[in-house]
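By letter and in written order, the chains are A, B, C and D; residue numbering begins at 1 in each of them.
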Amino acid sequence: MIVILKPKTKKGDVDKLINKLESQGVQVHPVDGAEISILGLVGDTTKIDSSSIEACDIVERVMYVQEPFKKANRAFHPDNSIIDVCGRKIGGKEIALIAGPCSVETKEQITLIANEVKKSGAGFLRGGAFKPRTSPYSFQGLGADGLELLKIARKNTGLPIVTEIMSPHYIEKFVQDVDIIQVGARNMQNFDLLKELGTINKPILLKRGLSATIEELLMSAEYIMAGGNEDVILCERGIRTFETYTRNTLDLSAIPAIKKLSHLPVVVDPSHSAGKAWMVDSLSKAAVAVGADGLIIEVHNNPAKALCDGQQSITPASYDKLVSELRLIAEAVGREI
Amino acid sequence: MIVILKPKTKKGDVDKLINKLESQGVQVHPVDGAEISILGLVGDTTKIDSSSIEACDIVERVMYVQEPFKKANRAFHPDNSIIDVCGRKIGGKEIALIAGPCSVETKEQITLIANEVKKSGAGFLRGGAFKPRTSPYSFQGLGADGLELLKIARKNTGLPIVTEIMSPHYIEKFVQDVDIIQVGARNMQNFDLLKELGTINKPILLKRGLSATIEELLMSAEYIMAGGNEDVILCERGIRTFETYTRNTLDLSAIPAIKKLSHLPVVVDPSHSAGKAWMVDSLSKAAVAVGADGLIIEVHNNPAKALCDGQQSITPASYDKLVSELRLIAEAVGREI
Amino acid sequence: MIVILKPKTKKGDVDKLINKLESQGVQVHPVDGAEISILGLVGDTTKIDSSSIEACDIVERVMYVQEPFKKANRAFHPDNSIIDVCGRKIGGKEIALIAGPCSVETKEQITLIANEVKKSGAGFLRGGAFKPRTSPYSFQGLGADGLELLKIARKNTGLPIVTEIMSPHYIEKFVQDVDIIQVGARNMQNFDLLKELGTINKPILLKRGLSATIEELLMSAEYIMAGGNEDVILCERGIRTFETYTRNTLDLSAIPAIKKLSHLPVVVDPSHSAGKAWMVDSLSKAAVAVGADGLIIEVHNNPAKALCDGQQSITPASYDKLVSELRLIAEAVGREI
Amino acid sequence: MIVILKPKTKKGDVDKLINKLESQGVQVHPVDGAEISILGLVGDTTKIDSSSIEACDIVERVMYVQEPFKKANRAFHPDNSIIDVCGRKIGGKEIALIAGPCSVETKEQITLIANEVKKSGAGFLRGGAFKPRTSPYSFQGLGADGLELLKIARKNTGLPIVTEIMSPHYIEKFVQDVDIIQVGARNMQNFDLLKELGTINKPILLKRGLSATIEELLMSAEYIMAGGNEDVILCERGIRTFETYTRNTLDLSAIPAIKKLSHLPVVVDPSHSAGKAWMVDSLSKAAVAVGADGLIIEVHNNPAKALCDGQQSITPASYDKLVSELRLIAEAVGREI
């Protein structure tokens, strides 16, 4: 941590600040220049509150030099984390393929799609039961009934199921029924939910918030991990920018960034980011090429009839073709599908 | 709602789509041009799911012409809503002054500040008990103990209290203890929390999310109002942009926009937006000049010792001076302090 | 400047880097910690190229602690700069009122509007002759003929004229004909144009680019000032964000930021930022309240017939009413109109 | 084009507007609903100025349904444009590999790098002679001398040369000396420069502005094409977002978007977007996978000594390895290197 002092600060005031900082357990190295003076803080700075330092009269600015996350940090865990989900691995050599409809609608729909995507090579089934919708008047998902339908599809295909949680009231039920609990982009900084998920023993798929920095995503992972649950899978799903042609801007440079900063696996959601079914194909290929550990793709047997998000879903036939093409890309970058 | 068809679409396919749409209760007016054809949808389009239409092969794009919010819409409620909080009004001629520390720390601290800001003219006391912090290792607030301290300060001063809720587990307690329940920016689209707050009888202060559009803010208000709780106060607190000098970019044009689109009152938080105490003064004046119904300002008796967010707090003395200057601005725009 | 070294760097490599840096004329102060080491650079770091340092194997990151602008920096010029334009001042106690149509259309139009805004209290006439339009098929302005019409209006009213330059080919003509040369947002980083404007003796109104940071705006001012022309007036005109309701997001916090960082005057353009005539009124009031040194407002005698940008223009009658209301705000913040 | 009328508009006023619009050569189809009325405009709407319509009292909003670009539009030119540069093709099956240093420094440097990248498979040499730098005090490039060095490297290797133009004063020289003229991101909306480039006979590499939408990029291409020069190569180089870990956010979804909207070739610059040499590898692979027609990569023989932008350059050895790996990706998506 670096504390930049205001010009022409009195020595006495600086000494007082240094004492205050040292009393919090760090060593302080002053650097005095003609125009500017700084304090270099060395030691465990995680407990130092930068904003309270910045509130001091003589302080211009405080800068971090170390990442504020610990458990998610690759520096302290050089090897990739490989998450085990019912015997399947996420984060290893094999690309995790997660696929399924936006919303669970009927037993027939979810079972049919589950069977189709399994045939194509998917290893996990996704499907929304509780749906975060911008409008209170839009279809909100089948809720608990949707979970039951997902369980039937799992029984039928053996595919572990991934679905989104929206309220802490349902954590117990999700722990029982679901194989990976998804935290949606809008809840990425719902810290109370994250804390509760930190106390359970179930993999979490944590989606990046629409305007969350990479560091904030890792800090949200840290919330879960700090509670003891270290099975966190990160997900890039597009960020909000000024561009309006695509619904969100898929930030693929986040993948190498996350792989460098953290040991956690990271998957890409090409369906929600662009919001356009015809882009899923090329964005999926780019995601594998850039180094993603998996893909979460919306597949629907009849996009035009889907109750929501139809426009970003592809058909099982398109998915099948896509997976076969992705194999070549995966191989080209030393991965497997 | 406008449906733009792809070029060279077959008449038969268009007719099918028209039938499908009309079966959902709207009238469809086709407009055929040499290069482009559109369908104008008239009637109650709130139940039409635009994405399922966009999933149709022959559809290029769907555009909204009407705001998707109803209860929050000024079109259906031309007069300003004035929210009554323990006999004080928010949304009327008088500017609501909400002030207090970022975090409740001790009985002495909160009581002292409450008394100071009351003397200066504040009508409401703010103070964080449950704190949303980016890092799990930062101070998380005093929690329920903080609520008790706020209640003591209220008893002492008569000021209604405003504080943030972070989990639905605490709703019952907040209804009992608190006068205005604040929903923070990070929970603006925590839809399950919003739904639960829609069923209670207590004013809600809803902060705009860091990357939420004005329309999304109003849709989140709609979630609460759709449940029956129409006492929603909106709050502009800065949005996330590329600019890094300020922590967030205060979007003051959102105030006239919201006043035009909605009848709900809207207040401004100049402390969190800029993240710099020395900017609170000028941003507060601008907020009143632009038409805000209130100001929520962080005041701390000793910013340098605050456990969090110190750098954005001003002292009681600065607050007192600010309020006296704001009176002139308020008067200049036909308001009162 | 702070150089953050990678963990576990060899002493020999660090010493080499220190020598290299010191050979560029700065003093280097190393700060060694258990987990991290940094180098504090003191002295004239403006010639040090941070990216070439960051290219070194042992370097993690380079951070600036000083602003990279000199001539525009308030640190070296504590008093406000007051720009003299034909005897009128911009940057002093009086708020500069610049008004006029988006485009110059006819002699009658520009003369009529010039007279009207002068009567209301405007001190400067604006009007576009060369127009930057997104589409090559849109009206591009009257060009040199427009300048002639502006000169007629100036002769008629005595108001100095402000108009935009788009190509260095016209600099000589602008120096002869125009009183303030405007550089539009899209050319804020047209560095060759800025350099040429640095060599002339004429005030420049430099608009902030749509996605330019405050620091970049000041660096562009620095380009002009470094050439010898220190009469630069900055202009905040809205930045590009995710919000789509307004055309751009007016960043009023940029005003106190610029006043703190620089001694240059800064005016606000409330017409282009929001792109909505009905917002000009409240945004203008906010701009004066926040501390702007002037307002540049589009006024058109018949907005509905304007060839471009009609929707953001207000009528002379609205302008007249607005100016009288602005007087109260100006007074409330210790300024004059 | 769709004109949305305000509620409760008088029939007489609507009829007047319809007449006005029809007098501008379009057909108007009114659609009347209970709550809202719209006008559908059919015909050649490129000459209709939407803002002057929006300035009408009775108009709520105007929406476009057609892209405003013509010559760049795939709708009117279904086949991919393939640009011929000295016998080499850009936009065909083969991926164009453009490589070279950020800045031309010496004859030895540019010739050595040119020979190296040619051996690795590059088909074009890039190198900056005129450099757009944020600070006037930074190295501004060798200018005309740099062009001479590029010509020597071209003679030596046969590689066509690509370099950036910053001022219209140099167009004649660039036409003589250079094979592809690059327009940098900061000049993407320097419309006067674009117009002049439209009149010459030389391929243009047009970089997307930091905050330019895909549509604006295509409109800037349209400026050049409208003048007669249809040899425009587009370049995605990262956009400005809130994320600060990467210098810019590479928007790879722009590639399929541009390929759908336009027939022009589009290349990707992975060096400038992320600003980190270690990311060039994975972003290049993603760019080829997503469908880019080429890559423009910074290669430097000694990044740590580069006078600028060193941190985003890779070495010739890394480039060689990268190209060999890219071949596999290119093959996987049906392209060639």
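Note that contacts are C-beta pairs under 8 Å (C-beta built on N, C-alpha and C of every residue); 3 or more make two chains touch, one makes a residue touch a chain.
The structure displayed is predicted, hence computed values, not measured ones.
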{"item": "Chain pair, A-D or A-C, that carries the greater number of C-beta contacts", "value": "A-D"}
{"item": "Chain at maximum distance from subunit A, centres defined as averaged CA atoms", "value": "C"}
{"item": "Inter-chain centre distance, subunit A versus subunit C - centres from mean C-alpha coordinates, in Å", "value": "39"}
{"item": "Subunit A and subunit D, separation of their C-alpha mean positions in angstrom", "value": "31"}
{"item": "Shared-contact residues (touching 2 or more other chains) in subunit B", "value": "211, 240-242, 244"}
{"item": "Interface residues, subunit B side, partner subunit D - complex", "value": "2, 4, 7, 27, 29, 31-36, 38, 40, 42-43, 60-61, 63, 65-66, 75, 211, 240-242, 244"}
{"item": "Interface residues, subunit A side, partner subunit D - complex", "value": "211, 213-215, 239, 241-246, 249-257, 260, 273-274, 278-279, 282-283, 285-291, 325, 328-329, 331-333"}
{"item": "Residue ranges of subunit B touching subunit A (in the complex, touch as defined)", "value": "46-47, 49, 51-52, 54-57, 68-69, 130, 132-139, 166-169, 186-187, 189-193, 195, 209-211, 216, 219, 222-223, 226-227, 240, 277, 303-313"}
